[in-house]
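You will see two complexes here that share subunit A, one where it goes with subunit B and one where it goes with subunit C.
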Partner chain A sequence: MSTKSSIKRSFGFFDALAAAFVLVLAALVAFGFYGQGGSDGPLTATVTLDGETIGVYPLATMGEELLLTPEGLSYPLTIRLTSDGAEVIESTCPTLDCQHTGHIHRSGESIICLPNKLVIRLSGGSGDGIDAVIG
Partner chain B sequence: MKQTKRLALAALLTALALALNYTERMFPLPLLVPLPGVKLGLANVVTLFALCYLGRTMAFTILAARIFLGALFAGNFSALLYSAMGGFLALIVMALFIRSKRLSLYGVSILGAAAHNIGQIGAALIVLGNSAVIGYLPVLLVLSVASGSVTGALSALLFRAMDATKLQWNI
Partner chain C sequence: MHKLHRLIPCLAAALLLLCGCGSKDASYTDFFAMDTSMRFTLYDNAGLAAKEEILRLEALLSRTKDDSLVSALNRGEAVEDTELAALLHKSLAYTAATDGAFDVTIAPVVSAWGFTGDSYRVPAADELAALLAQVGGEQISIHGDSVTLAEGAMIDLGGIAKGYASDRVAEIWAEAGVERGLAALGGNIYCRGTKTDGSLWRVSVQDPNDPAAYVGILSLSDAFAVTSGAYERNFTENGKFYHHIIDPATGYPADSGLTSVTVVSHNSGTLCDALSTACYVLGEEDALALWRKIGGFDLVLVTADGRVLITEGLEGSFDSSSAANPYVYEIIH
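Up next is the complex of A and B:
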């Protein structure tokens, strides 16, 4: 075994280049994922469990809030859907990342509960529902 | 004797990596950035040390032992795939860039952290069967520049201390 490693110990130009490469990669992924704008139609929340869609909820037309407690979860949780978005208000999962994500309201945003394999994803909402403004 | 020394050193580094892995859970990072998989990655310092001083085979062995024992001690085997895909992709990327001789510990560590996050998102894609998880990748990549810089700085301190000790390993 060597007693000394030849790798540099100080931050240099190529390290800055490596950091810049990672940041550019992040920007490209963000643009590819979020940059295409919302899809057509009203804002909709799609709930999937273990890869299967268990519910699709058009939020824009929703009057009151809707509380969901999906069945068959390893760690029961409660989802609140309102006309402007979705959030997990209560969860028994060990990490609580889903609850800490908070309220989502834009197309492309999602709440993911890895222990439950549950995903709540928003889509649509690109238009404001107004066809034309005149006068 | 030589084999025994190598085994003892590998066991010591595995224990150190497990301890660092456990300790970093005390940092409230997921509360600040509530995304699955967000962490400092302090155990990466051990992987980097093993890669530079002990070689790829030992680094691989220590990492595999840390991932398996980490899942065993936490009683969470569902997390094994995330740790394995993240950890091994980071190891491969760091091993490749250490050879380039252009990057310092900082650059190698940043690229390793980014690879770790890409591997974990890949695992999440397999487990969830839903592309929504890719939406987390940009934030995780930006954070990997910060976490990679921290582990790079810690590694640089460690390596400088190693230079100063003039230790004769004789392994």
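Up next is the complex of A and C:
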């Protein structure tokens, strides 16, 4: 009985305030941590050459289309970036696998040009929270 | 105010706990190996050692690098190597289990089509017939760790090496204490644990008829997944479509009625890799017969007539609800 009484007395206004503060802070951090739905910001295209990033392009805020012709490629190609995705529209490589991939528009999708060791990969956006694409 | 002090440790503990989750940002490591693009998704650096292992395996197993063991074998040399001998033992086991639908000795035929280089072509029928004489498990001799090939025979481990590499990634991550991560080795996936929010890894299976779309999403943890499809490397000549998955029985691109095969297993990436190719060659009926016979893996088959067949083990982890396409989905029991 005396123990109950002791606990009741020790929890006052400031304790409740501090507890509320902790709960609110936890909720805010948890929202920031879990509330992103697997999305890391707006839809973004990252272009890498042999594993090195040569360009990062936020697509969602892109007004007009952007045509890229990366330098130093064994087989020159042209990439078209638009607000909703990316595609290789022209390539001089013999296999044209990158061009055949067509237009990509979801997070996790990529276009790969093996002869050039070039990858265009999409991330972010409000898609389906895809972590990888197989096919 | 002194009462507030009693809760400060609680506040500090809560913040520390939340900061402990602060490694929410995944880091991505992109690189090229084994003729494909690879990516690790990790939350710390402990798993990066697996990249070196993949590069080591590439140097060992590549048929396009002159100094690899496989190139030495293909030149007619005898090779002594425990790891290569073990991998070829597995390859031969898959050849036997699939009635030859998976066969690493298909290499000369694949080369004739140009799929190992940059220039695709349609070989003449008599050229293919001559090359097929050098295809078959009997072309490989293994004695202990020593491996030799029959004269003129060649092997290509492209249908199993990435799967084996994914198995090695799994082992290295386990040894390094990596709790969560995803390795995308071309069309081979290995995912470990869950994401930091506890959710499963979401892997979409590409629509073979529309590279920008998908037939469904697999939610996976501690699993391997591999897809084989005709759309990966192909060309059209005189109006006819040719792709890189060669049927060892005919020497021509497989025409089995399947347009995509995905194999999922919790045990082996090597198995997934070999069986994805084999099932593509076998076709719907024989692929499902193999699934029933062997077990230990599951399938997503996309057929040329517009069906998606999902074996029962994936019933709860394959989601097609957000895939806008005309396919008819069916669970196979």
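As a convention for this text, the second predicted complex is superposed on the first by the 88 of 135 C-alpha atoms of A that agree within 3 Å, B and C clash if a C-alpha of one lies under 4 Å from a C-alpha of the other, contacts with A are read in each partner's own complex, and residues count from 1 in each chain.
By our rule, a residue touches a chain if its C-beta (ideal position, glycine included) is under 8 Å from a C-beta of that chain, and two chains touch if they have at least 3 such contacts.
Fair warning: this is a prediction, and the values are worked out from it, not measured in the lab.
Student: Output check: A:T82 vs subunit B and subunit C. Expected answer is one of first, second, both, neither. What do you get?
Tutor: neither
Student: A:I104 contacts which: subunit B (first), subunit C (second), both, neither?
Tutor: A:I104: touches subunit C, not subunit B.
Student: Can A:K117 be said to touch subunit B (first), subunit C (second), both, or neither?
Tutor: both
Student: What is the contact status of A:T48 with respect to subunit B (first) and subunit C (second): first, second, both, or neither?
Tutor: In the superposition, A:T48 touches subunit B and subunit C alike.
Student: Examine A:G12 and indicate which partner it touches, taking first as subunit B and second as subunit C; both and neither are also allowed.
Tutor: So A:G12 meets both subunit B and subunit C here.
Student: For A:T92, select first, second, both or neither according to whether it touches subunit B, subunit C, the two together, or no partner.
Tutor: Neither subunit B nor subunit C is touched by A:T92.
Student: Would you tell me the residues on subunit A in contact with subunit B in one complex that are also in contact with subunit C in the other?
Tutor: On subunit A, the overlap between the subunit B and subunit C contacts is residues 10, 12, 14-15, 17-19, 21-22, 25-26, 29-30, 33-34, 48, 50-51, 94-95, 97, 100-102, 108-110, 112, 114-115, 117, 119, 121.
Student: Under the touch definition given earlier, write down the residues of subunit B that touch subunit A in their complex.
Tutor: 6, 30-31, 34-36, 52-55, 76, 78, 97-98, 101-108, 110-111, 114, 124, 127-130, 132-139, 141-142, 144-145, 148-149, 152, 156, 159-160, 162-163, 166-169, 171
Student: In their shared complex, at which residues does subunit A touch subunit B?
Tutor: 1-12, 14-15, 17-19, 21-23, 25-27, 29-30, 33-34, 48, 50-51, 94-95, 97, 100-102, 108-110, 112, 114-115, 117, 119, 121
Student: Provide the residue numbers of subunit A that touch subunit C in the complex, in ascending order.
Tutor: Residues 10, 12, 14-15, 17-19, 21-22, 25-26, 29-30, 33-34, 38, 40, 48, 50-51, 85, 93-95, 97, 100-106, 108-110, 112, 114-115, 117, 119, 121, 128-135 of subunit A touch subunit C in their complex.
Student: Quick one: in the complex, what on subunit C touches subunit A?
Tutor: Touching subunit A: residues 1, 3-4, 6-8, 10-11, 14-15, 18, 21, 24-25, 29-32, 35-37, 39, 41, 118-120, 182, 184, 187-189, 191, 195-197, 199, 201-208, 210-212, 214, 217, 225-227, 229, 231-235, 260, 262, 322 of subunit C.
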